[in-house]
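Presented sequentially are two complexes of chain A, the first with chain B as partner and the second with chain C.
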Partner chain A sequence: MTSRPLLHNRVALLMVLAAAVAAVALPFLGFAPNRLLSGRPVPLWAAAQGFDGAIALLPGLALLATPFLRPTRTGLGLTVVAGGLFTAGLVWLAGAQAAALAQGASAAARTSFASGFWVMAAAGLLTAIDAARRLGLGAIGRMAVGGAVAALVALQLASGHLDALSILKEYANRREIFADAVLRHAMLVAAALVPTLLIGIPLGVAAHRVQAVGRAVFPVLNVVQTVPSIALFGLLMAPLAALGAMLPGSGISGVGPLPAVIALTFYSLLPIVRNTAVGLDGVPAPVREAARGMGLTPGQIFLRVDLPLALPVFLSGLRITVVQAVGLAAVAALIGAGGLGAIMFQGLFANALDLVLLGAVPVILLAVAADALLSIGIAAATHSIGVLPGRSAP
Partner chain B sequence: MTGVGMAPRDFLTDRLMLGLVVLVALVLGMPSLKPLFATLFPRLDRPLYEAESFVSLTLDHMALVGVSSLAAILLGGGAGIAVTRPWGREFRGLLETVATMGQTFPPVAVLALAVPVMGFGPEPALIALTLYALLPVVENTVAGLDGVPAPVLDSARGLGMGPAEMLFRVELPLAAPVILAGIRTAVIINVGTAAIASTVGAKTLGLPIIVGLNGSNQAYVIQGALIVAALAVVIDAGFDRLAGWLTRWSQR
Partner chain C sequence: MIDFERVTKRFGSWTAVDAVSFTVAEGEFRVLIGPSGSGKSTVLRMINRLIPADEGAIRIDGVDIASLKPEELRRRMGYVIQSVGLFPHWTVERNIATVPGLLGWPRARIRDRVTELLELLNLDPRRYRGAYPHQLSGGQQQRVGVARALAAEPRILLMDEPFSALDPITRASLQTELSAIHRRTGTTVVFVTHDMDEALRLGDSIAVMDHGRLIQCATPLDILTRPASPLVRDLVGREEWGLKRLAVETVGDRARRQESVTGEPLAAETPLHRALSEMVARGTERLPVVDGDGRPAGVLHLSDLVRPTSAGTVSGGPAASGTA
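On to the complex of A and B.
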């Protein structure tokens, strides 16, 4: 008679161990009298006292059991829920503790997330996502798990429960600047996308039809992609400033959004041109011939055969472009283009770390959201042409 | 063979050699371009960045990129190998999730987030660059090892090779071009991110750019930007050469 193995999920075990070490050895929050002084650490056990704290950590107890749950639908489903609720519970606990600390302190006091929080939150989320994968959920399903946790955090944000945390205090001080920065950031990306698509798609079609075009275009775009963004921004400044001096009243300037949009366009072209060409290259010749045999004109073949079949590959190029542009637009703040990068660098230059968070975290969220939305679009486009039998298959 | 007895004409059309010559000339010769920058920007009091020499900035930049990339290759390569072994397979999904999710995070944001956790200086830059470089290395190590055809593995096993011998003599050599492509992506991203790392207190080629941008000194910006761009192009061309050699060697 063989004994059943006790341990069923070594990934969950690793995550639980990491979270346990972080809970004991790392600070959960940092509490500082004002935003310039460095804070004193607040360990998890100090933050979790009282009835509410115990409730918030209940999913953590469930998480401790997850490595030993059998990999049935119920067991894995429980693991997903425990991991997700653990992360959301940590955020809740941080908000509650920040509010409690704020009561006995001046308005300038700051409570911010510390390393222990980040490690534990990541461990909970990764356990949930890994269990979702084991359940056979595809990329979209796993995104939904992440989205559910994000929704729980968003609820706490909306209810004002997290208002005492330092990042939200910074937000409260800069509500209007922040809203403008998010809008400006999105506008920079969108403004670069227009010329990118107008130039990139025709170039991609040309590269697909005439090999010489591809041989001429791709090496140039590859070199551009190699040049560090901060260098390209810097190198565009002087010529544009000179041009602006020659054409007074044209509004052309070496700083601000114009050089940013030009540089973003240069970087964005490669994935668009390449994936347009590769997508069209991938349309099987017999399909085109069949369409011709059915009496479709070249224009109709392009619109009704080439376009839908090349769409998934094109969209994955668009996904790379947008995610990349969200990050590059943050760097563009250095040349005065504004956006979330401006808040981030202002924080770095002034040694105001909560301000850094207020700039950097939304940049990451924007990139992740763009990635998720376009991934759903790619899945839909792939599904509609039926090339692959659904991305959600295990 | 290449490089030995090269005709002058080949030398001029060779991107690596040409780039290297331009890079070295820029790094060593920038001080002698001072009159040129003085003519181009007559309104600037200091037309040349002289707080640090470009030689030391370039070496510091390369050291930061080199150390972080090396750490990423060892850690990422090791993790990629581990999850493709039977005993590590269970962790593959987790590693792939982290690598895919992590790569949607903009490198500049990762760099900025290292500061609240670790403070200012070269250390947060080193950690952020290492973490970010891990992701493409992991992804390509897994993809490269996955791409080794099963019949090749079967015949290696048939020859009596043990797991370690198979890994080092069959799997890694066959996967090398794909792994190298991941390392190339990581290093090129790091060259750019290291330049931005001047904003978190690391001394790199980004420093003249940042100082120039903050003090409206366009000459500083151009000096830093030219050298860092040349450095990136040379390193990319070097990887091109390396990839060519590797492909020829693995097809032997």
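On to the complex of A and C.
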């Protein structure tokens, strides 16, 4: 008999080891008398006492076995479920422990996630995502896995189970401005997207048709991409302030949403222009020749041939643009554009880490959601042009 | 009818087509042949105005095509290219339906036409109607390409080396099908190739081009027996000249009508080189011939292959070409 390899999933092994070390050596939560003092560490074993705690950690035991499961559908499926449930279980445990600590403590006392929680949660999620990819799940399948974990956490949020955690106390204090900030953030991105598409698509078409346009446009946009965002916001302040002074009553100002939208547009142009041009370049010449020879008008060739065939590459550019803009819009808070960045910076300046998280977590969720939605769009567009059916573009 | 009158096309300082005049009759199968850069494809692409002519006039049924809208002109013609150019994001059905759709045919008529064309090109409609181009072999893709070109029942079919990229077996069967389609529909065909065997096999007439000029325009028989220049002779080639010569005439052309003999008969439209092959295979010097309805149509003798007997046949003989 030949010996079979014991280890089947090196990624899972790495994640499990990281989670195990974090479980033993790193604090799971931090408990502080108020938001300004640094907390005392609460280790995982202290948080997981009792029957409920043991149940919540059961998926973790399953996770320990996943590196040694054979990469069959069942094995990988189990790994996805174990990773996802482990992460959700950690959140539940944190909520339960925060509620327990809150009893008999002052209202100002704070229970926060500590390093151990983050390492273990990340390890669980990454294991699940990696196994989902190995299972060959498409964009929609992977999104369903992410959605299921998010739903488990959302359930706990809605039930009030997590209310004693510090980040939710920060949320409770800023309930009104939080919704505004999310909306404002999304509006900044959407507002930048309109001029980006209006300028970027025609510019991309021009770069595809006339080589000289591409040679002129791409170096400029590449340079813009290398300018740090803070610097670009700063650079726009002076001319816009001057313009505002020249046109009193126009509402133009060096700070606020306008310079933010302009800067975001500058950053967003490169992926849109480049991917529009590359997508059109990829339409096979014989297909256009045949279309022309059959009597399609130039407009019909663009709409019926060029557009659908270039769409997957264009959507990849749009995905890069949106994800990038969601992140950059956070920095725009520095010049008074508002949005989730404003909450993050408030937290930074007040040294309240949970307030930073309250701003940062929705930014990440927005970016992930935009990425996932556009990935589905790309997969659908790729599928519809019949290239590699069922597989999404990278 | 397609009429070229002293048509010239220049690309910069290079004259691609130089004062070419010719006429393609209604229902004719005209092959354009010549070496690379001879201007044959340019001539073809001027017929549907993919390339505009610089000088001269191109008329279709007496109407100067410069006076028509290019798109309307093109929708009246079929166009097939070597690289096929099927729309990869459309099914076979939608590809074939392109021009009828542009012309606003009713849905039911388009559907019936697609079925008819798929059957005509030996593609099972149930299996291939909903298939995407990437699911088809190269030969099947070109079958769909030809079906797409024929979809709106064009009176003119333009084909630019349509079978050059296919393997010999697929090419031969598509040539046979194209010949049959041409006979049945009476469509005027202009067919560009660089393969003389294909030209001899398909063309009612062959136009040989070189350096933008028309060197010779004649029947396959005349191209073989009366080449107008050394270039035409080279294009035909000396190898198996005799077999090519036989291939452009049919058994019916030379059979002795009054005689009869027993045996498995040959159809009158069989090319003579097949008849020779058949005689060698059967070890006989005489074969019975039947006409299209299966009635006896005489006997073909081995000696008839070397000494043509039927009236009106011009014989140049191998000596006219084999002078080396």
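Quick notes on this one:
In this text, the second predicted complex is superposed on the first by the 385 of 394 C-alpha atoms of A that agree within 3 Å, B and C clash if a C-alpha of one lies under 4 Å from a C-alpha of the other, contacts with A are read in each partner's own complex, and residues count from 1 in each chain.
Assume contacts are C-beta pairs under 8 Å (C-beta built on N, C-alpha and C of every residue); 3 or more make two chains touch, one makes a residue touch a chain.
What you see is a predicted model, and the numbers here were worked out from it, not measured in a lab.
Clash-free side-by-side placement of chain B and chain C is the outcome of superposition onto chain A.
Angle at chain A between chain B and chain C, computed from CA centres in the superposed arrangement: 90 degrees, to the nearest 10. In the superposition on chain A, contact is made by A:Val287 with chain C only, not with chain B. In the superposed model, A:Val220 makes contact with neither chain B nor chain C. When the two complexes are superposed, the chain touching more residues of chain A, out of chain B and chain C, is B. In the superposition on chain A, contact of A:Gly295 is made with chain C only, not with chain B. Of the two partner chains placed by superposition, only chain C is touched by A:Ile385; chain B is not. Once chain A of one complex is fitted onto chain A of the other, the partner contacts of A:Leu348 are limited to chain B, with no touch recorded for chain C. Within the superposed three-chain model, A:Pro308 lies in touch with chain C and out of touch with chain B [touch as defined at top]. In the composite built from the two structures, the nearest CA pair linking chain B and chain C is 26 Å apart.
Of all the residues in chain B, the ones that touch chain A in their complex are 90-91, 93-94, 97-98, 101, 104-109, 112-113, 115-117, 120, 188, 191-193, 195-196, 199-200, 206, 209-210, 212-214, 218, 221-222, 224-226, 228-229, 232-233, 236. Residue ranges of chain A in contact with chain C, taken from their complex: 284, 286-297, 300, 304-305, 308-309, 384-387.
Residues 9-11, 14, 112, 115, 118, 126, 129-130, 133-134, 142, 222-223, 226-235, 237-238, 241, 254, 323, 326-328, 330-331, 334-335, 341, 344-345, 347-349, 351, 353-354, 356-357, 359-361, 363-364, 367-368, 371 of chain A touch chain B in their complex. Residues 48, 50, 70-75, 79, 81, 83-89, 98-99, 102, 132-135, 145, 148-149, 158 of chain C are the ones that touch chain A when the two sit in their complex.
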